[in-house]
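Just below sit the structures, each encoded as C-alpha cells.
In the two complexes that follow, subunit A is the common piece, with subunit B as its partner first and subunit C second.
Moving on, here comes the complex of A and B:
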C-alpha cells in the first residue's frame, strides 16, 4: 500500500469526487492559483479550471453563504476555510442557514456541502489562531462533524462527506498535514458514526479524536512499560457519534479517560464523559477523567502554549487516578 | 357522570386565579368552549372557556373566590345529577409543582436520614415530618440498599462484583480515595474468602495472613464506635480491678452431667452468664449504671458477651438472665453469636447491657483486665482453664482445673467491698454450682 501524506489523501478524495461528479466544486481563500494555503488543493485548479476551483475574497461570511446557496441550488460545494478560527466569521451562515435549511423547508432543500480546513492549535499562533472549536459545531443540530487523524481516515471520510446530502463540518489539523500513512489505491469509503479502535487493550479506555489521538497512542505505548494495557478509541466522527463502540470498550475495561484538545467546559470531551458515566454507570470502577486544554485563551509563549494543551503527563496522571495508582 | 371543571392555567406563569364574575348560573346549559366565567390572572382578566358541555350543576368557587390551577371551580353534568360528594379536589391530578415539592423534599430528607442517624444516634421517629403523606410513607417503607444505608464509598463496578459474590461492602476495606472500595479490593476479598482457612473454633482464623506493609487503614464505623465508647469509659469511669482464681472442677462435672442428661452441649459462657446473674441478684449494685446525678439500678440482668468479629468487636446481650434457665440462655446466646458473625445484629440486640463478660480463654490467655462496657458498671474478664497446683483440705497438693477471673468495676458505682463481695459469691457459685440455689 502506498504511503502518502495527510494533505495528499485529502487532495485525492477531492480529486476523485470531482472527477466522479461534475457538481462537486471547491471554493475558498487561495485554493485555486496558490494551490491552497496548506497545499491541500495542489493541482486541482490546473485540472478543473476556474469554474470548479474558485478563489474567493477574504470574506468568510460571504463565500460560506454563496456555498450554502449553491448547495441549495443543486451543486455540491466544498468550502475551505483557511482555518476554523476564520469560520467564526461565518457562524451565522453555518448555524442559521446551513444547519437549518433542510428542516425549515420541510425537506424541500438539501444541503450537500462540506466545510473543511484545519482546526485546533498549531504552534506560536497565540489565542485567536489556536482554537479547537469542534464543540461549537457539534452543539448545533443539523450539522455532521467529523475529525480524522490519519491519511486513511481522512480520505475515506472526506469522500463520504462530499457524497452526503447534509452539511458536514470536516476538521483537519495543521500539524497533521505532513503526516504520512498507508492509503489503498482502490476506492474506499468510511461511514459516519463509526469509531475506530486504534489500539486495543484491557485495562482502561482512552477516547479521543483528531490530532490528540496520536498523543493518546504515544501515552498508551509508554504505559506498556508499567504493564498497563490501554485501549485507544478514535471517534473519527463526532456527530453522529458511535456510542456502541464506546460503551462496549468501557464495559470491558471499567475505566475511561477522554482526551480532547479543546477547552473543558461544555466540550465534545465533557459530553462523551457524561455519556460514559450515564451509559456505563454500573461498569465503572472510577470516575471518568477528562484531559483537555486549560480553560484559558492560548498563550503565545511556547512553553505555556504547550502546557495549556493536553500533554502526555496529564494523560498519565489521569491514568493514575482511574487505576488508583497513588 | 358529572365532570369536575378545574381552574386552568390561562397564562404560562399563572399559579392561581380569582373568579371575578360568573357568566352562568347553576342549572344553565353550557356548550363546550362557551365562556362560563371571568378569571383574573397574574397578568390580566381572561374569559374562561368551559372544556366540557352539559348543565352547570354546581359553582364551587363563588365570585371573588380564588382557585389554584387544578382546583375544582364547578361541576358540569347531566341535569339533576347529585354532585354533593364529587366536588373535592382530584387527588392524583398532576397540578402545580407546589403540590409535588414537599414530597420530594421529604424523600430527600429520607435518603439523608441514615447518615444523620449514624452521626447523632437520634431516634428514627424524631425526624419524621409531622404529617407524612401516604405517598411518602410508602417511599419510606421501601427497603434501602444496605450499602447505601451504611454509606460505604464504593464504585458501581465494585458494588456489582461484591453482590455477585455475596460479599458485604462494609466488610471490605477500600483502598481508593477516602476509603472508596474499588474493584481490586473486592477481588482481594474474594480471594481471601475462597481460601479454605475458615475453621470456626480456631482462633488463628482471625490472624492476618498477609505480610506486613505500611498502609493507612480507613476507620470503619464499627471501629469508630469501639474507639469512642471505650475511650469514654476508660477516661471517665475510675476503674479498679479484683482478681480471683477459681477451681472449675465442679463446674466441669456439672456441665458434663447436663450434657449427658439433655444430650446438648452447653457452652461455658452460658454457665458464666447464668452464675453471674445469680450472684448479681445478691448484689444489685453490680447491676447499676452511673447517670451523673443518679445511679440507676436495673431490674433486669442483661448480660453482654464480647464477641470478636471481622475487624472488630460486638457485644450481643442476653436479656433478663436472672429469670432464665441455662438452656434458654444457651439457645439465645448461640443465635446472637451467629447473627454477630454475619453482621446481622440489630441495635436492640447489642445495646443496653447491665453487666459484661469477656472471655479470652480460648486464646490461651491466663488472665487480663477488661475495660468496662457502658452502661454497665462492671465487666468480668475470664482467662483460660488450666491445671494448676491446688492444696486440698488435707494439705495435699493436687492438680486442679483453675481459671482466673478479673472483675473491672466503676468506682463511682461499685465500691471495693461491694465488688469483692460479688466476686466472692461468684467464685463460690462456680466452685459449688449447687450453692447458687441457696
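Moving on, here comes the complex of A and C:
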C-alpha cells in the first residue's frame, strides 16, 4: 500500500470526487493558482480550470455564503477556509444559513456542502491563528463535524463528506499535513459516526479526536513500560458521535480519560466526559478525567504555547488519577 | 397618460393589479389575525411596497429565474404564485404552511417555484443569491436571480463582499434594494454615507439605477431591462426602488419616528391606486370590475385565514424532522 502525506490524501479525495461528479467544485482563498495555502489543492486548478477551482478574495462571509447559495441551487461546493480561525468571520453564514436552511424551509432544500481547512493549535502563532474550535461547530444542530488524524481516515472521510447531502465541517490539523501513512489505491469510504479503536487495551480508555490522538497513542505506548494497557479511541466524526463504541470500551476498562485540544468549557471533550459519566456510571471505577487546553487565549512564546495545550505529562497525571496511583 | 399603456398586454396590467391587491388584502387579514393573537412572533407587513414585488416578479420567468428575499417576504411569496392558504398557514405555524410550521412569517419558501426564501438575518442572504447565480452560470443556464433586500441591509459587509465577487465573476444577479426609507426606526439618510444608494453600483463596476417603486409599471420596465442586460452582458446590476411602508417595521412598531404628513404623502402615491387610475383612464378597467376583483381578493384572504385555522398544528415528532437530508 503506498504511503502518502495527509495533504495528498485530501487532494486525492477531492480529485476523485471532482472526477466522479461534475457538480463538485472547490472555492476559497489561494486554492487555484497558488495551489492552496497549505498545498492541499496542488494541481487541481491545472486539471479542472477556473470553472471548478475558484480563487476568492479574502472575504470569508461572502464566499462562504456564495457556496451555501450554490449548494441550495444544486451544486456540491467544497469551501476551503485558509484556516478555521478565519471561519469565525463566516460564522453567521454557517450557523444561520447552512445549518438551518433545510429545517426552516420545512425540508425543501438540501445543502450538500463541505467546509474544510486547518483547525487547531500550530506553532508560534499566538491567539488569533492558533485555536481549536470544533466545539463551536459541534454545538450547532444541522452541521456534521468531522476531524481525521491519519491520511487513511482523511481520504475516506472527505470522500464521504463530499457525497453527503448535508453541510459538513471538515477539520484538518495544520501540523498533520505532512504526516505520512498508508492509503490504498482502490476506492474506499469511511462512514460518519464510526469511531476507530486506534489501539486496543484493557486498563483504561483514552478518547480523543484529531491531532491529539497521536499524543494519546504515544502516551499509551509509554504506559506499557508500567504495565498499563490503554485503549485509544479516535472519534473521527464528532457529530454524529459513535456513542456505542465509547460505551462498549469504557464498560470494558472501567476508567476513562478524554483528550481534547480545545478549551474545556462547554466543549466536545466535556460533552463526551458527561456522556461517559451518564451512560457508564455503574461501570466506572473512577471519575472521568478531561485533558484539554487551558482556559486562556493561546500565548505566543513556544514553551507557554505548548504548556497551554494537552501534553503527555497532563495525560500521565490523568492516568494516575483514574488508576488511583498516588 | 393612458396612451403609454398601449405597449403593455392587457393581461400583464391585470396581473400586476391583481397581484398587488392580493398582497394588500392578504396583509390586512394577516394584521387582523395577528391583532387577535391567532399567531405571534415578528410580523413585517409589506403594505405600500406591493408594486416592487409585483412588478419585479412579473418581469422574470421562474422556469429559469430565481427569487430570494429578506424577512418582509409575504409580498414576494404571493407574487411568485404561492397560494395565500399555504402562506397564511405558515404564519399560523400550521402543518400545511409552506415550511411546515418551521419557518413562520420570515421564512417562506417554495423550491418548486424557485422562491428561495424568506431570510431573517439582515443582509445574510445577499451572498446566497450570488451562489444561486453561480449555479446558473456553472451549468450555462439562461436564468437570472432577483435578490431583494432593504435599505438597512445595504451597509452590511455581506453586500459589499458579494457585489465585488458577483462583478468579478460576472454572475447573473439583479440586486434590488427596496428603499422604504427606514431600517427599522432609522432613517437611511442618517446612516448612509451615500444616500443615493444605487450609486454604490459604481464601486463594483456594475449598472445602478433608481426607480420609483410605487409605480408597478416603472418597476416592471426597469427589471425587464436590467435582467436582459444582465443576461446579455454577464454583469450583475443594482436597482434602488424608492418605496414606502405604510405600517411600522413590524407589528410591534408604532412608527413614531415618521410624521403624519410624510405617511400621508406616500399614501397619496399608493401603488394600487396609481395603476388602477391609469387603467381606468385607458378604458381597461371600470369601477365594477375593480370592485369585483377586490371582492375576489378579500375573499381569498378571508379563506386563507379559515384554511390556516383548520390546518393542524405540527405533531411534536415533526420537530426532529428535516434537520438533515
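To be clear about the criterion, the second predicted complex is superposed on the first by the 326 of 326 C-alpha atoms of A that agree within 3 Å, B and C clash if a C-alpha of one lies under 4 Å from a C-alpha of the other, contacts with A are read in each partner's own complex, and residues count from 1 in each chain.
The criterion applied here is as follows: contacts are C-beta pairs under 8 Å (C-beta built on N, C-alpha and C of every residue); 3 or more make two chains touch, one makes a residue touch a chain.
What you see is a predicted model; the values in this text were computed from it and never measured.
K.L.:
State whether subunit B and subunit C clash or fit side by side on subunit A once the two structures are superposed.
P.N.:
When both complexes are placed onto subunit A, subunit B and subunit C end up side by side without any clash.
K.L.:
If we overlay the two complexes on their shared chain A, which of subunit B and subunit C does A:254 touch? Say first, second, both or neither.
P.N.:
first
K.L.:
Between subunit B (first) and subunit C (second), which does A:147 come into contact with in this model arrangement: first, second, both, or neither?
P.N.:
Neither partner.
K.L.:
A:284 in the overlay: touching subunit B, subunit C, both, or neither? Say first, second, both or neither.
P.N.:
first
K.L.:
What is the contact status of A:324 with respect to subunit B (first) and subunit C (second): first, second, both, or neither?
P.N.:
Only subunit B is touched by A:324; subunit C is not.
K.L.:
Could you let me know whether more residues of subunit A are touched by subunit B or by subunit C?
P.N.:
Of subunit B and subunit C, the partner in contact with more residues of subunit A is C.
K.L.:
Between subunit B and subunit C, whom does A:56 touch in the aligned arrangement: first, second, both, or neither?
P.N.:
A:56: touches subunit C, not subunit B.
K.L.:
Enter the shortest inter-chain Cα distance between subunit B and subunit C once the structures share a common frame, rounded to whole Å.
P.N.:
Minimum C-alpha separation, subunit B to subunit C, in the superposed model is 13 Å.
K.L.:
Per the contact definition, I'd like the list of subunit B residues that touch subunit A in the complex.
P.N.:
Per the stated touch rule, the residues are 155-158, 160, 175-177, 182-184.
K.L.:
Under the touch definition given earlier, write down the residues of subunit A that touch subunit C in their complex.
P.N.:
Listed in rising order, the residues of subunit A that touch subunit C are 25, 51, 54, 56-57, 59, 61-75, 77, 92-93, 96-97, 101-112, 141-142, 144, 165-166.
K.L.:
Taking the complex as given, what residues does subunit A use to touch subunit B?
P.N.:
Contact set of subunit A toward subunit B: 254, 281-286, 324.
K.L.:
So in the complex, the part of subunit C that touches subunit A is made up of which residues?
P.N.:
Per the stated touch rule, the residues are 66, 68, 97-103, 107, 109-111, 116-121, 124-136, 138, 157-158, 161-162, 164-165, 168-169, 321-325.
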